[in-house]
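Right after this note come the structures.
In what comes next, chain A is part of two complexes: it sits with chain B in the first one and with chain C in the second one.
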Partner chain A sequence: MSVPTARSVPPHTPYHPRWYRTPVSTYWWMQQWSYFRFVLRELTSLGVAYSCVILLCFIRALSLGPEAYEALQRRLASPIVILFTSISLLFVLFHTITWFSLSAHAMAVRVGGKRIPGVLITASNYVAWLVVSGILVWLLLR
Partner chain B sequence: MADNIQLDVARYSPEHDDSPSFQSYTVPLRKDWVVLDALNYIKDKVDGSVTFRWSCRMGVCGSCGMMVNGEPKLTCATFLSSYAPGPVRVEPLRYFPVVRDLVVEMSDFMTKFRKVKPWLMRKEEKPLSEGEYLQTPQQLENFKQFSMCINCTLCYAACPVYGLDPFFVGPAAIAMAQRYNLDSRDQGAEERMDILAQHEGIWGCTFVGECTKACPKNVDPAGSIQQYKLTAAMSWFKSLLMPKASK
Partner chain C sequence: MAKRPIEPLFWTLFSGGGVVSAFFVPALLFLLALAFPLGWLSPPSYETLHQLVSLPLSRVVLFGVCSLSLFHWAHRFRYTLYDGLQIKHLNEFINVFCYGGAIAGTVAAAYLLWNFR
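Moving on, here comes the complex of A and B:
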C-alpha cells in the first residue's frame, strides 16, 4: 500500500478533522467599504495632529513677537502649504463627524433612569462644536 | 419576480479538499423563503451532502449564522428575495476555522466566553430565608440590552480585530461581561476587570463598530466595549489618585 501524500489525502482523523483556516489578507481593509472607512477614520487623525502642530507653531510665533508671527504667516501662505492645510481640514472634518456619530454608542447617559437616545448625544456634540466655533468667531471679529 | 435564484455555496470536505470551493445550486425564489429555507431545499432535494447548522428557524438559537454575500447574517432571518436576482453567495462565518462546508469550529469563542465569567458572582450570598434578590425595572433596564445576546458570533465574523488577533476576547464575550457588571445583583465587576482590562480584552478593540451593525439582536457590543473602557479608565484614574482606597 502506498503512503498517501499530504496533497492526495489531507491529514484527517475521525475525532479531530482538519480545519480550514481562511488567511486574512493584508488588504482586508480594502475588501469592504465599512472597513475602509474605519481605516480612513484612523488615518485622518494625522490631519488632527497636523492642525495641533500648526496651532503650537502659532503660539510659539506669538511668544517670539510680531516678526516671527508674520514670517510664519508668509510661510503658510505658499500654495503647497495651503493645499496641504486644505486636505488636512477635510481630514479633521471627516474625523470629527465620524467620531461624533460614534459617541452615541460610547456614552450611555441616563437621566431619571432612562437612557438618552443616541441622536441627542450626537446632536449635543454638534451644538457644542457650533457654540465653541461661535465664541471663536466672536473673539476674532469683535 | 423570477422563479429561481442561484445559490453559490462554499463547500469544504476535510477528507478531500485542500481549501474550500463554491458549488452552484438553483433553488425556487419564493417570497416567504429565507436563505436557510433555500439551504434546506438543497439538502432535502438536490444535494444531501451540504452541511450546515440550524435549529430554531426563528432568530433565537443563534446556530445558523453564515456569510451571505460577504455579510454575517442569521440565515433564518435573511430573505432570499432581498438578493434577487442573485446569485447569493453563502459562506461559513468569517475568521473561524471551517470544519466542513458551512460549519465552523466555535471552541475558541466558548473558551473566551467562559473566561469573562458570565454568571452572577456574589462576595457573600444572603441566606435563603431573606428571599430573592429584588431588582427595580430601572436596574433591569441597565443591562437588559446586553442580555439579549444569543451567542450567534456574527459579531466575531464582522470584527477585523478578531481576524487579525486571535487572542482578542471579542465583542460578544465583552458585552456579556458588561451584562453582568451592570446587573445590580452581581458583585464580580472587579474580578472581570482584571481579566478584561488588558490588551486582548477591551483595549484590543479599535471601535470599528461592525459588530454592532452585524448584531441581529441590537445588543451593541461596540458600545458596551467603549463604555467598559470608560469604566476601566476611571477605575485606573481613581486608583492613581487614591491608591489606598482601591483594592
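Moving on, here comes the complex of A and C:
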C-alpha cells in the first residue's frame, strides 16, 4: 500500500463550514433604550472604582497629616473633580437601585416553604441601605 | 470565553463587591467628595476623622469596601468591554488591566490601612 502523498491527493478545496451569524454593529447598544440602559448599568462599575480611589486618597491624606487632608479637600473642590464626582455619584446610585431590584430575582428566600415575594426583598434592602447610610452620616457629622 | 477554574471566584468577588458598594459607597461618596469639599455640610475635623479611621473595625470595613468594590469593578468592566465593544483580540490585555488594577488597589488599601498612623 502506498502512503498518499501530496501529489496523489486529488485537487480539492478544504471544507470550512461557514456559520451564519448576523453581523452585529459595535454600536448595538445605541440602537434601543433598553440596550443602552443595560450598558449604562454595566458602566456604573466605573463610578464604584472612582469612589474607591477617592476613599484611598482620603486614607492616605489622613495618614500623612492635617496639611495633606486640607490639600485633598481643595483638590476635591476643583470643578473637573466635582464633575467626575457628580457623574460617579449618579452611577453609584444607579448601581444601588439596579442591584437591589436584581437581588429580588437572585435571592430565593423561603420561609415555611413559601418563597418571599421579590418586592419584600428589595424593600428590606432599601431599609438596610438607609440604616447603613444613616450610621455613616452620623459617624461623619457627629 | 474559555472556562477557567478561577472564574467562580471572580463571580463571588463581583457579587460581594456589588452588595458592599451598593450599601456603603453612595453615602461615603456624597459626603466625602461632594458635600464636604463644596461646603454644603461642615466637614469633620482632621482629628475626628483620623481617630475614626484609626479604629480597627473601621480599617477592616474600609479594606473590605475598597477591595471588594474594586474586584466588582474589574469583573463588570471586563464584561462591559467584552460585550460592548467586540474587542476579543484584546482579551488578555483587558483581563490583566482589570484584575491587575483590582489587585493593585487591594494591596494599596492593605498597605495604607495597615500602616495608618
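The definition used in the following text is that the second predicted complex is superposed on the first by the 121 of 142 C-alpha atoms of A that agree within 3 Å, B and C clash if a C-alpha of one lies under 4 Å from a C-alpha of the other, contacts with A are read in each partner's own complex, and residues count from 1 in each chain.
By definition in this document, a contact is a pair of C-beta atoms (placed from the backbone, for glycine too) under 8 Å apart; a residue touches a chain by one contact, two chains touch by 3 or more.
What you are looking at is a predicted structure, and each value in this text was computed from that prediction instead of being measured.
K.L.:
Have a look at where A:A108 lands relative to chain B and chain C in the superposition and call it first, second, both or neither.
P.N.:
After superposing on A, A:A108 lies in contact with chain B but is clear of chain C.
K.L.:
Applying the document's definition of touch, where does A:R60 land relative to chain B and chain C: first, second, both, or neither?
P.N.:
In the superposition, A:R60 touches chain C alone.
K.L.:
Taking the superposition on A as described, I'd like to know which of chain B and chain C A:T96 touches: first, second, both or neither.
P.N.:
second
K.L.:
I'd like to know which partner A:V137 touches here: chain B for first, chain C for second, both or neither.
P.N.:
A:V137 sits against chain C, while chain B stays out of touch.
K.L.:
So, A:P79: does it touch chain B (first), chain C (second), both, or neither?
P.N.:
neither
K.L.:
Give one of first, second, both or neither to describe whether A:T22 is in contact with chain B, with chain C, with both, or with none.
P.N.:
The answer is first: A:T22 touches chain B but not chain C.
K.L.:
Counting residues of chain A touched by each partner, does chain B or chain C come out ahead?
P.N.:
The partner that reaches more residues of chain A in the superposed model: C.
K.L.:
Tell me which partner A:W129 touches in the superposition: chain B (first), chain C (second), both or neither.
P.N.:
In the superposed model, A:W129 contacts chain C only, not chain B.
K.L.:
Same chain A residues contacting chain B and chain C, which ones?
P.N.:
Chain A residues touching both partners: 24, 29, 42, 106.
K.L.:
Any idea which chain B residues touch chain A in the complex?
P.N.:
Of all residues in chain B, those touching chain A are 12, 14-20, 70, 94-95, 97-100, 105, 138, 141, 160, 163-164, 206-210, 212-213, 220, 222-223, 226-227, 229-230.
K.L.:
Spell out the residues on chain A that touch chain C in their complex, using ranges where they run on.
P.N.:
Where chain A meets chain C, its residues are 24, 26, 29, 39, 42-49, 51-56, 58-60, 62-63, 66, 69-70, 73-74, 76-77, 81-82, 85-86, 88-89, 92-93, 95-96, 99-100, 103, 106, 125, 128-129, 132-133, 136-137, 139-142.
K.L.:
Taking the complex as given, what residues does chain C use to touch chain A?
P.N.:
15, 17-19, 21-34, 36-38, 41, 43-44, 46, 48-50, 52-53, 62, 65-66, 69-70, 72-73, 76-77, 79-80, 83-86, 101, 105, 108-109, 112-113, 115-117
K.L.:
Quick one: in the complex, what on chain A touches chain B?
P.N.:
My answer: residues 7, 9-10, 12, 17-22, 24, 28-29, 32, 34-35, 38, 42, 102, 105-108, 113-115.
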